[in-house]
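What follows is a pair of complexes built around chain A, which joins chain B in one and chain C in the other.
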Partner chain A sequence: MFKSSSGSLSRMKTQETISGYLFLLPLLIMMGTFVFYGLFYVIRLSFYRWDGFMPETMVFRGLKNYLQLFTDPVALTAMINVLIFMVVTVTVQMFLGLIIALLLRPKLQGSRFFKALFYIPVALSTAVIARTFMGLYEPYFGVLNTTLRAIGLESLTRTWLGDPNTALWCIIAANIFQWTGAQMVFYIAGLTTISDGVFEAAQIDGAGFWSTMGRIVWPSLWSTHTTVIVLGMVGAIKTFDIVWLLTQGGPGNATQFPATMLYQAVAQNSQAGYGAAISVVMIFFSVVLAVMQIQFNKRKQEG
Partner chain B sequence: MFKSISLKEKIIIQSILCILGVIYIVPLANVVVSSFKGAGIGNYTYLFTSGFPIGRMIFNSFVVSIAQVVLIVAVASLSAFAFSKIRFPGRDLIFLLITLTMSISMICFITPLFLTMRTLGWMNSYRALIFPAATFWMPVGTLILKNYYDSMGTELLEANMIEGGGFFTAWYRIYAPLSKPAAVNVVVFAFINSWNDYLNPLLFSRTEEMRTLPMAVVSLTSSIYGARPEVVFACLVIMALPSVFVYLLLQDQLGEGMTAGAVKG
Partner chain C sequence: MKKSITLLMALLVLILTGCGKQESSAGPDGKVVLNWWTWSVPTVEDFVVLKEGFEAKYPNIELRSDVSQMDDYKQKLQVEFSSGAGPEILSVQPGTLLNQYKPFLLDISESAADTLDKLVPAVVEDAKFRSGGDQILMAPLGSASTMFIYYNATYFEQAGITEVPADLESLLDVIARLEAEFPDKLPLTIGLKDGWFNGDVFALFANMVEKGITEKADNGEVKWNDPRFVEAMELLRNLVDLGVIEKEALGVAVYEDSIGMWADGKAVMHVNGGWAIGMLSKPENVNESGQPYADRRGGRATDDDVFGAFPVPNFAGGEPVVLGGIDVGIALNKNLAKDPAKLDAALKLLDYMLVGEGRDYETGRPGAGLIPTLQGVSLDKSIYQDKASSDGVDAIVETTNNNMAGPRGVTSPAVFNQMGVVVQNVVAGNDIKAELDALQRIAE
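This part shows the complex of A and B:
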């Protein structure tokens, strides 16, 4: 009797295992085909030279793709650009998102309208955002130069996207416009965990606005900060659309990003091997950030 | 500080919001106003009657987005249920692998994706526009639904087992219908993400007939229509309408998905 019951128990276990894998089958097939196969493929390809078309042109070249990458001045520009982009967009979006979330918290008249307004760019395609901002940056009829001329600041007008000194900042401004609404939503969610009582108690204690912010609000949003920062960094590494649509990495190579370099190497210069090396470096940093995010979530759950 | 708000504070808050609001409205209003410059509504009718395949591109965008959403919700719901409610060896490892690869951009796999598409003969087809991009969004959908299933407990599952039902009936009859609030989030954000996706058609569509709307904007700008920016702006407005409409319609039902939707950079 004992035997039969443990037999049926293990039969149930086997059945559960089979069910589990059957449920995951569609996901595993698709992830396997498009993600995991791709992962192994680019790692292997990063040690070869290849035009991306003819199998017989594939030649092993060891670590040379990586050596080329680490000595390529364009790669250095891309690295600096992505770092500037990361630091500026993450910081500005964080503070702006938090400030907007705080301003919307009392739910004054019009709050719903403002919340929707700030979120709308998140729901728009980067193609729309890019074309919208081209309309602002356009040198002759664009809103920016027209306004500057109208208020007598003719000397400040320029071809915003064509000037290596301003092109990156134009991209950064468009990105901040597009994604601040997303960070606002994170902070609105984070602020709901702080009760009105906390704010009122601080007020009774005689604490001013800034010290309430610094001592209570800021630290208790710790887990929101980490999420916003990590997601912002992940987004920075991925950045492609907005750059490709606004400048294609130009003028010259002034606004190259890792992803635009990668796309040019593979799709335009037939350097699939070199592109794969860029991919591997990007994947490495993306996975490191994912690990950080998982660690932060664990700490959050543990309290 | 927030409950008992003075008139002075109210005015300060409202003015800051208004200033930020103007900064947000100017670029968006510029697009809408520009789209009516010159011929007014005629810019829109011109876009549809001048021979540019805009109708086909709108159709493509709907086909691709709806197919992606259906695929993502179905596969993510099944996987999320397995990760949350079924116990089997290797489960946690698979889940870890999926969350680790989630932050990688599709562009990193450009060469193997091209090869796979060529091998399957999918290049420049709907399948190429639907399957890879849906796969890259699936982990996000799985995560949102798994969190929801995790909050649901196992009592319903056990009751179903006692009645002799299997895991599939438990998912199909009980858990999937009850997960509707989370599924709505997945549907909305998967739709917005897919509708707006520019990289996907850039990589996999080769002819004007297979382009989706984000590429239409670029094709328009670089073609003879580029000389008439108001027509391009009309195209932007048409393109923005569905995703903004979906968001405004369902904004009150969107919870954590709103934040998960931001995973895409």
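This part shows the complex of A and C:
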């Protein structure tokens, strides 16, 4: 009786394991087909010269695509741009998102309305955001320059998107406007893990807004910070749409990003091999940055 | 449990295999189906009219269309052709677009000979030249050239300007008069934010210095950092120094900003290609379906304002030059050779668009800037009643026919993109020689 029951238990366990793997199989097939195959294909392609059309025209050129990339001054501009973009957008969005989440934490009248209001840009298409900001930045009749002229600050007017010194910052501003609402949502969710009692105790002890934030909120939200930073960094590396819509990488190459270089190489210049090399470098940096950030936060939490 | 797993696996197989349905030559009702892909020529609205007319004439053919924004269009074609498929019919432009898809296009020199014989021989020769060898890979739908200065003739009259500028000196005089008369308006607007436009700007200035020099450089006969290109970029820099072109132009897009400012009356002159010729027609001129021929994007100064056009003066001295030739052509997918029924239907469509009623509509459609390629046919001047607009049409057509310095674009899209970058950097104040050296490096 005992023997038979044990055998049936073991059979059940085996069946469960098999069915578990079978349930995973569709996802593995999909991932294998659309992610891993694509990834390995791109890595392979990065060693070839190819116009992106007929596979028989592919010519092996070893590391030349990478050599071209690492000696291309535009690539250096793109790397510097993405670095500035990453640091500024991630930092500002984090702080703004957290502050808005904190301000909206008490269940005050209208807080739902403001949550929705701050989230609206996230739900809007980037094309809509870009068109709106183009209207702001337009040098002759745009809202920004018209306002500056109207209040007597004509000396501050600029060709915002046409000046290499301001174009990148204009893109950064548009991106912050669009994505701060998303960080706010992450922090609203994160704040629910801190009990109201902690806030009440801090209030009783006389802690103000900034000391509550610095001593209670900030250290309690490390996992949320990690999520926000990793998503922000990876998102920054692949940033394309807002840049393309606002400046197309110009003026000159002043606002080139790795993704705009990649697009120009593949879609405009028919340099699929070179584009693949850019992709591989982008993937490499995304993975390295994400791993570094996760390790850093892990140590921070453990410490 | 087993049942549910089997069901799940069956579903997965269906999902993974069910999206590869091949379309046969005939549609569900036995009609031959033709798919025509394009960016904006014809437009979605045009296709409504063209489909109705074509299918009425050929009831056994169904015309389907797909209109995308240019960049999306290129991507879709790349994906489709790479997989051995692609639309039966596609709109193309000579230069980069045609060169990219040449291996996938059908030589129509013999199969469409009856239609091609009715076109202007020089245009057919141009199509042959662009296609390479003796083959013809695109049927020329219309010609166009660039660049022209479109102006508000009503404002010119108010400022006491009686003649359009023909050189730098007279252009500076016109700008000074406009600034005095209309301090709140821009005398001239040009959109230098767009790469596609700036490549043309580079080529135009270079051809002012020497006709055909961009073609020579494209063929490797002249280097892109040759002193003549330096001179061309110095001409451009001089316009910036004189205030004819402002640095603000780097933040202005051709269609999103520049043309709208001019059409709204915020600017008096606007630089664009001959394809904007429809703007010269007054909004009261409408076609059979009630659409105005003037595609006055962004609005219009007033309904009564008269618009005119003249070629950009040659700042190096001499006659103005333009670049262009065939602007839009219709190409057939090489795969049609394997399907006689579809090929026959496609050839009927070509004839309809180049010689028949489709041509009447397409080259006379609202906002059309295409100069007809059919022998003995010109633009319909009846919709350009005012002297300035009528003279503007003559100036565009005559310059296109007589002062063509060379084709738009170059063989390498990377070089063309860099030509645009050079223009932006020169206007921004960068070193001309260094910019041209960078262009030469890209070409190499």
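The rule is simple: the second predicted complex is superposed on the first by the 244 of 303 C-alpha atoms of A that agree within 3 Å, B and C clash if a C-alpha of one lies under 4 Å from a C-alpha of the other, contacts with A are read in each partner's own complex, and residues count from 1 in each chain.
By definition in this document, a contact is a pair of C-beta atoms (placed from the backbone, for glycine too) under 8 Å apart; a residue touches a chain by one contact, two chains touch by 3 or more.
Computed from a predicted structure; not experimentally measured.
After overlaying the two complexes on the shared chain, residue contacts for A:226 are found with neither chain B nor chain C. When the two complexes are overlaid on their common chain A, residue A:68 makes contact with neither chain B nor chain C.
Applying the stated contact rule after C-alpha superposition, one finds that A:270 touches chain C and leaves chain B untouched.
Contact with chain C, but none with chain B, is seen for A:162 once the two complexes are overlaid on the shared chain.
Legend: residue contacts after superposition of the two complexes on their common chain; A:248 is shown touching chain C, with no touch to chain B.
By the document's definition of touching, of the two partners only chain C reaches A:54; chain B does not.
By the touch criterion stated above, A:26 is placed in contact with chain B and with chain C alike.
More residues of chain A lie in touch with B than with the remaining chain of the pair chain B and chain C. By the document's definition of touching, neither partner reaches A:146: not chain B, not chain C.
With the contact threshold set out at the top, residues 19, 23, 26, 33, 52, 131, 267 of chain A are in contact with chain B in one structure and with chain C in the other.
Of all residues in chain B, only 1-5, 10, 13-14, 16-17, 20-21, 24-28, 30-31, 34, 74-76, 78-79, 81-83, 86-89, 91, 94, 96-105, 107-116, 131-132, 134-136, 138-139, 142, 166-168, 171, 192, 195-199, 202, 213-215, 217-218, 221, 229, 232-233, 236, 239-240, 243-244, 246-248, 251, 256, 258-259, 261-265 touch chain A in the complex they form. Residues of chain A that touch chain C in their complex: 15, 19, 22-23, 25-26, 29, 33, 51-54, 131, 134, 137-141, 159-164, 247-248, 250-253, 264, 267-271.
Partner chain B is touched in their complex by these residues of chain A: 16-17, 19-21, 23-24, 26-28, 30-31, 33-39, 41-42, 45, 52, 99-100, 103-106, 108-111, 114, 116-128, 131-133, 135-136, 143, 177, 179, 182-183, 185-186, 189, 196, 199-200, 202-203, 209, 212, 227, 231, 234-241, 244-245, 259, 262-263, 266-267, 272, 275-276, 279, 282-283, 286-287, 289-291, 293-294. Remark: chain C residues 1, 5, 8-9, 12, 16, 71, 74-75, 78, 81-82, 100, 103-104, 186, 189, 192-195, 247-253, 256-257, 261, 266, 412-414, 417, 421, 424-425, 427-428, 430 touch chain A in the complex.
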